[in-house]
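Across the two complexes that follow, subunit A remains constant while its partner is subunit B and subsequently subunit C.
Up next, the complex of A and B:
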């Protein structure tokens, strides 16, 4: 008996089981269809954009500098504050990509159709990342535009020596590109953690805990500067958000790209552990 | 004619419809889910363990002694609070009632140039100090019980940039004539003593006097010291304007007040003005300028230090201080776990369809939500308060034993902080439950409660934002509730870093009120949606 699959004739015999990620195009199409047709996806992507831009704009609106001099405001960083909120929504999307399947039992169907678990995980990662990147571009562009308008209205202008928020400005362009990548990496980290944890609510709590708890711990480690520096250098959110800085780069405990690299390392480790667990555990 | 037919209503049953069985049902649901019980116990443990262990590092040293033995050196004022009490005094004994009147013609100062990070008395080499007056440099007249640091006192003074003030017993500060003092616009100051009551007056012309205040100093000795004083706190220039992270350079400063027309009534006949550097350990400048110079009827008094309460992260602190808030780091972690559980307390019922059974058993939906709110609120309040009690009580004792002066400790304050923080955890949990009831999906609810409650706190305290934005966030978002952790008051007359974790822009109860408003609105909205929507 042959199983006809959508648009693709089944290759004869067992010759198709050669490469590790064989069947990736099929898996990608399957994951894309699932994600595209889930009712929440569009709303969540819209929420990423709206929350990021709204929090950034509100922060910019609350940013004052008495007389415009004597305070060191990083206009780009202030405009992109919303990333810290938007990442929570990205995490939700990433968690749902895998946890929803566990909560509905869909995962059994998925693995029946595509028994190669690494392939499934890779396909989920690719579809998720492409959607997050698209939303992140909109969110970051909107935040920078809002920040540019609002901060100028608050007197944070070039006349007082502040860099105008503009992509023509090298560090700002780096922060913009970096924050788009940051959101994508947060998505991958969340996907990894959610695959490990499986339960959707617990996974969301775990992801947000991994993101939000270390910065506060680092803050309260003020009495232990060594530990504080360590925490700011090697925890996912603190290190990753170093990419937002456009001023005072010499005072950073980790350089912008290295910080993003640390986050990438966390994401890779989470995905690796997730893949191994997917292989080892029963679904 | 139409007849209205009353729809059939089952007779009210005893026992099945009351609020108590509903509470019991919800409590059973909560208590029998092992994962939740473990999680909420972990939350409480995090609060307690982090609060006790994290800050308890280091040991203070003072001379040959260390640890708690150092704390005996901290002067305490009449109210028992730690104080700074360092100034140069030119005084005479005053037996019984009397008064002192002076004219102040100038207040000048010097600030050490670029001395970042320095704390403690020093003597900058000549030529390294520039003219400058710190905002709270003080010169004036004082009546004090003794020259022992921490004595009861009342004083009238001119200040660097806050006009004439009357201050007494360290914590009290009353504004009087505004504007700076100069030879062209001198200030006349007067203090009179009558029993335990000291009355302060000021005048811009020496003829028309205004009473500033009459204050009662409990237990003032029969013979007190009355005289002229000058002091000048460290100069603080903030260089990193975030709300959470104190940063700036501290520089030694010294001030000189010039007095004439000195009139002491009730003193010993022919008494001489004797100079004394009171509490020299708290002076931030110890150079040769310090002292009293007298020429005819003109006195110049030069001093350094401060007279006022010790505040957390105050620039003039010479001892390691801590507050109860230092032991509440874990509250944030506990809160994160508790609000996730609170949100799931209702969302999981939707996932498995249990909500339909629940609503069939108790069709009054508002009541159901109220029962859930009571259960989750009480559970988080009881566990949270207990955990905070361990953190605060054990943590501050350990800090004390390692030589940290815990400001504003003692049972009444500790109990208030414990109950307030427990209440904050409970109200935040009710807010999370309401958000869960509105969103119905676990993932969305968990993310929403974290974004609404935890994220503003991070943005407010972590120093990633400019001070103005951080302060705004801690006023208007649910994170305002963290103000309950404050145990020490702010004093505008003391320069310090008034930011988290010790200080918040709102007072403790106001901050809790902001959180309560959010919780009440969310609970109302959730009840309305629960009634209106199909389950």
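Up next, the complex of A and C:
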């Protein structure tokens, strides 16, 4: 099929791409219907927002600076602390998207209906990401609004020389956009790992392990700064969360966008491995 | 291209067990082909290979001439029910069918049609997790019918069905074949194939033991044994023995005759003026025929040189 739906001939070489992605629109629609009609989806998305905003607000409320100035507080980063909690819920949703099909055996029905397994994985990735992005926008906007209010109540305002929590402020806008992308990437990383591991419990464990364990290890090896720096530079959560910083960028081990890039690399690697295994293994 | 399933020389090993060992057969349109054999004979694995879920180590499976992964919108080429319980329990029956329909570019209207044909209208908005096994089988059949495919494949569809459901299922299978579709139905119980299958593929240890029509199989198992009831036993024995039959007395006034068809027995006895009160050609049940076959298969297994038993 080298003729697109609108009837225009396509340039040579697109045949293979088109064959590889044949059925993607159908697959997208099917996966969207699945995700929409799974009983847990709405609740999990709501939990992402609530947990992220609540943890951010609580952290902001606990953040004070006695003398008014002289503390090194990054108000945007404080407001977005909840991302670290909300990502766990994103991971749960992403794991469910594939592992629940393996545990119920429905994966056989899915691959019978859509034998091109890369297409199925792509459709799952796109539909999951669109929902996570939507939830993340709400969660991040809510966190920043709550943080701004609460921090101002604690006297952490521009008047005392602190950075402003405002999207008009460049670094804050970067942190906000970056956090939204961060959650989407965590979703993709989790989807990839869950596709490799298959079993829900094992997949949830693996994802949370990949996210939370390296920082803990780094903490245990506190006296070993090289390992700490390595962890902050290359592990998905530590590196990815560099995007939350709006102040003191020069002291960072990895720059905000580069850190998010590291996480994107992890997600891409996981999805690639997942896609290869999907093709190689029996369903 | 005619609607068929063509399985050729499938071999598949899972660890140390050889699940498929040269499985080959063809499913023709317009008839119900029973795929029988004991548990572990390789029936489900063969079906998974046909659907592209498992990759064979060797051999091929074609649906109407094409390998499964090559099919575009496959559910309009082949409908299958492998495991009726394979669904997410929290989703309603209708929504389960709806995502499947969307995966094939079909609309919700088609979903409502198959729901009605499967007799699930009243349960369509209930969560499929609460369904009885019989209802799940119906849901699975509705899913298989979504794309109105010319080829259908059901793995153990009678499992867990009540007698009423079994009668319905038999009728439905016959109806699908009468519409010209190729229908492959697996079962580990030969008795379930009685009155529903036209053709039988008998599997054992990963290969085909017999590939035959039901009529031929029964005729072969029945042999040409004739049971005769007569008051003049010695005379009858003499006459029939002269005609070349082997005659054995089985009761005070009954004889078992082999080597001579029933019509010829009647003709010879009439010629010689020997009276008889009853004559019947022995007809084996499918179950007996199956036992006979698997007994042969055991003998074949003792001779490893015999690879293809068809």
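Basically, the second predicted complex is superposed on the first by the 265 of 283 C-alpha atoms of A that agree within 3 Å, B and C clash if a C-alpha of one lies under 4 Å from a C-alpha of the other, contacts with A are read in each partner's own complex, and residues count from 1 in each chain.
Definition applied: contacts are C-beta pairs under 8 Å (C-beta built on N, C-alpha and C of every residue); 3 or more make two chains touch, one makes a residue touch a chain.
Note that the coordinates shown come from a computational prediction; the quantities given were computed from them, not determined experimentally.
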Subunit B and subunit C placed together on subunit A: clash or fit? fit
- Does subunit B (first) or subunit C (second) touch A:181, or do both, or does neither? neither
Exercise. For A:220, is the partner it touches subunit B (first), subunit C (second), both, or none of the two (neither)?
Worked result: first
- So, A:113: does it touch subunit B (first), subunit C (second), both, or neither? second
Between subunit B and subunit C, whom does A:23 touch in the aligned arrangement: first, second, both, or neither? second
Inquiry  = Is A:260 touching anything from subunit B or subunit C once the two structures are fitted on A? First, second, both or neither.
reply    = neither
The answer to whether subunit B or subunit C touches more of subunit A is B
Distance floor for C-alpha atoms, subunit B against subunit C, superposed on A, in Å, equals 11
After superposition on chain A, the subunit A residues reached by both subunit B and subunit C are none
As the complex stands, subunit B meets subunit A at residues 54-55, 57-58, 240-241, 244-245, 329, 332-333, 336-337, 340, 343-344, 347-348, 351, 442-447, 450-451, 454-455, 457-459, 461-469, 472-473, 501
Subunit B partner, complex, touching residues on subunit A are 51, 59, 62-65, 70-73, 77-78, 81, 84-85, 88-89, 91-92, 95-96, 99, 103, 200-201, 203-205, 208-209, 212-213, 215-217, 219-224, 241
Contacts from subunit A onto subunit C in the complex sit at residues 22-23, 26-27, 29-34, 37-40, 100-101, 104-106, 108-116, 282-283
The subunit C residues in contact with subunit A across the complex are 48, 51-55, 68-69, 71-75, 80, 82-83, 85-92, 95, 98-100, 102-105, 143
